[in-house]
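Presented sequentially are two complexes of subunit A, the first with subunit B as partner and the second with subunit C.
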Partner chain A sequence: MKASILDGIVLGLQFGLLGVGMTLVYGLGGVLNLAYGQIAVLAAMVVAITLTAGAPTLVAAGAGLLAGAATSVVLDRTLMRPVYRQRGERRVLLGLLLTLGVAFVIDGLLTWRYPTGTLRLGIGGEPVPVLGIGMRVGSLWATGVSLAVAALLLLFRATTPGRAAHAVIQDEVGARLVGINPAAVRTLIFAASGTLAALVAETRSMTSPVTVTAGFDFTILALIVAVVGGLGNVAGAFLAGVLLGIVSTLSAFYIGQYITTIVLLAAAALTILLRPRGLLGRSP
Partner chain B sequence: MLEVSGLAAGYLGENVVEGVDVEVGAGQAVAIIGSNGAGKSTLFRAVCGLLPVAAGRVRFDGADITRRPTHHIARAGLAYVPAERHLFPGMSVRENLMLGAYPGRPDPSAERLVFDLFPRLNQRRGQPAGSLSGGEQQMLAVGRALMSRPRLLMLDEPTTGLAPKLAQSAYAALRVLKERGVTLLVAEQQVPLALSLADRGYVLENGRIRLQGASQDLARNSEVRRAYLGVA
Partner chain C sequence: MTAKPDAIVESGAAPLGVSARPPRSLIRAFWPIAVTAAMLALVPLRLGDSRYLMGLAVDALVFGAYAIAFNVIFGSTNQLFLCVGALAGVGGYTSAILSDRAGLPMVAGMLLATALATALGGLLSWVAVRRSLDVIFTGIVTLAFSLSFASLLLGQRNLTGGETGLLVSAGVGTFLQDRVAAYYLFLGMLVAFLVVFRVLQRSHIGWAFRALRDNELSAELAGIDVARYRVYAGLIGSAMLGITGAVFAHSDGFISPSTFDFGHVDVRVLVMLAFGGLGTLLGPVVGTVVFAVMDEILIDFGQLRTILYGLLIIALFLGFKRGAVPAVADFLRPLARRARSWVRRPL
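Let's look at the complex of A and B:
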């Protein structure tokens, strides 16, 4: 039980960051990026290839983050353009269809080129005791990196670009009236989102292999976390991620691994029914 | 300072305003008066780039700003306070004001001016903007615009949703701004209030300028008195 909860927190921090990357883009662009998981996997494959080429782990990890950010920015600057010209429901719908198309393209290309592609950031060593439980070194690394990035996100919120991004999420017209360029902020947020996707793929691979076919799993997970946290709510997504991580390891421990996705989807469905604006959402 | 000539703009290809000429000189206060639906908001939105300009030109400080993106126009020193205010509801009063100075840091003298004008905002610094009363939100909207030290402040119906007493004090604040040399362009339905502040005025009807002149002349004009001042 205690071990499951600890494992759940380790997993949950990563879920949280994954959800934040999804929810940021929704809050800013009104777009659910269904290619999000494929961006994560693409980054993971870049890391795997750079490692195979003999690069040191840190360099490979950096290349992965760059690949994630770059793919995301290219998506924002090219294919998403017509989406931003639409408003309301049409924007959401066009965004969904377009990013789904991108997801299939990236997925297809990757599985075609690297059918057995797998990333394992093997971090060895004896398990380290934490609260009386032996934790794998990979888990500790994943947790450390996730916490550091969460802290960075918190710091970013207090910077001028961070405040500008928050302003665009809250009221785009208001943001333009104070001199903020929403397109520039959106590109910045897409870069952050792609980096987060890549980062989570990398931290996941410290404890379990990330395969070339994991794209849609990442996307669905990110969607669930973002919905439970309240779409567009960054703090909510992070909190939802941690909670869902714990729920997921507990249900895997007591019921079985096969049930976890169903439990997570049920959590999302319940949230929509009981708290349509998410965990931290206030009523309108 | 602001020169609008032959401006046409509207929605879905249909012009709401057409052939509008408006001029605002440095240090002046100018009012655009007209009833609901006359096109005042459309005109303002087109001037600051929130709405596409179908025809005509907008010059600000000698530079052509027609069809420039809104954030460029804002940074050039034209601040617009829309009737819907468009505050950042989840952020504190202080953060809203800080963003008013974007991309720079808040200027202490601008902040002092805002808090002198609206001491209430100082008391509510830490409160989320969404939790303020209507009057306080209007103060914050004006305060946020002032934080950029604008050369022209455009206000669309600053008295929307305010009780008569609050509307009076909103105009008292605008009068202070005018004395401090801020150039003002105000769209208003409450004609007596608007004309008491403005040096000059334009009457907008069905998207066109019907009348224009010095405020005293407009206040004496029989058409204006009949249509807007409730005098038979």
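Let's look at the complex of A and C:
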């Protein structure tokens, strides 16, 4: 029980970051990026390739983050332009369909070039006892990195670009009136989102291998977390991630793997039906 | 100067695709269906000798039927049902289990399975309408249903056979197993669905569909019970999906989770319909034929097909958003008018 909860927290922190990357982009302009998981996998494959080329782990990890950010920015600068010219429901739908197309392109390219591509950031060493439970070193590293990034996100909120992003999320027209360029903010947030996707793929690979076909699963997980946290709500996404992480390890341990998937999906569906604004959402 | 009511226009869902009125005259309304049926009926004359090619043709018709159902739900009333495969799977698995395990007669099993799929689809639609979910939330809820159904199939191993799939034996030895006969059966269903679609379009239901798709708010203000018509569309489309899945299970003799998989069915149906033209009568059929031919040509390219699919989705929704059929119709209409006026020219 205690071991499951600790494992759940390790997993949940990563879920949280994954959800934050998805929810930020949605909050900004109503685009649900369905290529999100594929960007994560793309970054993971970049890391795997640079590692086999003989680069040190840190350099490879940096290259991965850069690849995630770059792909995301390219997406924003090209295909998202026509999407942002639309408004309301039409914008949402077009964003959804175009990123679905991008997801297929990236997925196809990766599985075509690297059909057996897998990333494992093996970190060896004896298990370290935490609260009387032996934790793997990989899990501790993953947790440390996730917490550090979460702290960075909090700090980012206090900087000028962070406040600009917050202003655009709250009211695009209002932000424009006080001299914020929404397009620049969007590019920044897309870059942050791509970096987060890459980061989660890397921390994930410290405890279990990330394969080339994992893209769709990443996207669905991010979607679930973002919905439960309330679309566009960063703190909500993080909290939802941790909670769902614990729920998922507990139910995987006590009931079984396939029920876990259903539990997570049901959590998303029920949130939409009962509390459409998410865990932390206030009623309109 | 008239004030532009842009607040309403912008908040309303501008539809992707078209919502044109169907022709008034009976002949002009139904001849496209008759011509389509006649053309598709000729296919076995060419392919009849090859069991492999006939199998592909049957699969194509099944996807055509799915696409028409999706056209009723999404194309007519803007409900993004991402559970086309799952609802067909409910039909397929229920009828297979009812006839093979519970010993029910095959047709009774099919009818019960269709009823279940209809009820589930109607329920999803009703819930979405009651909670007034927008297009994205409807998409996520139905996607969650889809993926849960897939997990359930994998989990309930002793009932569904899990990943290895299920051999369906009730249809063995009947005409359903003959590919040519199955082809004509599915063609009959496809034509029947097209007729249903056309009849709906011409009735007061179709009138309400067009109104609520063009602008939900104004439709509501004009006294249309938007909620009720959305649920109608959900029920009719789901019934089509359920029965197609059920008949397919018995005619193919084998179903597995990948038969009704989201990535296999839903994405394909969406692309097919987007290509043919959302909300049009023949869009689903055009999409079906084009994609069946394209798949056969690209069969050796494997993964490149996925890439091409992705590029096609992007191009379709960036470029001609209304689909191929309306684009071609727009292109031909002035030509036809010119031809007509040339014919009628006084000598």
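Simple rule for what comes next: the second predicted complex is superposed on the first by the 284 of 284 C-alpha atoms of A that agree within 3 Å, B and C clash if a C-alpha of one lies under 4 Å from a C-alpha of the other, contacts with A are read in each partner's own complex, and residues count from 1 in each chain.
Heads up, the rule we're going with is that a residue touches a chain if its C-beta (ideal position, glycine included) is under 8 Å from a C-beta of that chain, and two chains touch if they have at least 3 such contacts.
Everything quoted here is computed from the prediction, not taken from an experiment.
Visitor: Looking at the overlay, what does A:142 touch: subunit B (first), subunit C (second), both, or neither?
Guide: It touches nothing on subunit B or subunit C.
Visitor: When the two structures are overlaid on chain A, which partner does A:105 contact: first (subunit B), second (subunit C), both, or neither?
Guide: In the superposed model, A:105 contacts subunit C only, not subunit B.
Visitor: Who contacts more of subunit A, subunit B or subunit C?
Guide: The partner with more contacted residues on subunit A is C.
Visitor: Of the two partner chains, subunit B (first) and subunit C (second), which one does A:170 touch, if any: first, second, both, or neither?
Guide: first
Visitor: Look at A:179 in the shared chain and tell me whether it touches subunit B only, subunit C only, both, or neither; answer first, second, both or neither.
Guide: Touch status of A:179: first partner only.
Visitor: Between subunit B (first) and subunit C (second), which, if any, makes contact with A:160: first, second, both or neither?
Guide: A:160 sits against subunit B, while subunit C stays out of touch.
Visitor: Applying the document's definition of touch, where does A:276 land relative to subunit B and subunit C: first, second, both, or neither?
Guide: So A:276 only meets subunit C here.
Visitor: Taking the complex as given, what residues does subunit B use to touch subunit A?
Guide: Interface residues on the subunit B side: 48, 50, 69-71, 74-75, 79-80, 82, 85-91, 95, 98-100, 102-103, 144-145, 148.
Visitor: Going by the contact rule set out above, which residues of subunit A touch subunit B in the complex?
Guide: Going by the criterion above, the answer is residues 160, 163-164, 166-167, 170-171, 173-182.
Visitor: Where on subunit C does subunit A make contact in their complex?
Guide: The contact residues of subunit C facing subunit A are 10-14, 16, 80, 127, 131, 133-137, 139-141, 143-145, 147-148, 151-152, 154-155, 263, 267, 270, 274, 302-314, 317-318.
Visitor: Mind pulling up the subunit A residues that touch subunit C in the complex?
Guide: Against subunit C, subunit A makes touches at 32, 79, 82, 87-90, 92-94, 96-98, 100-109, 111-112, 115, 216, 220, 223-224, 227, 256, 258-259, 261-262, 265-266, 268-269, 272-273, 276.
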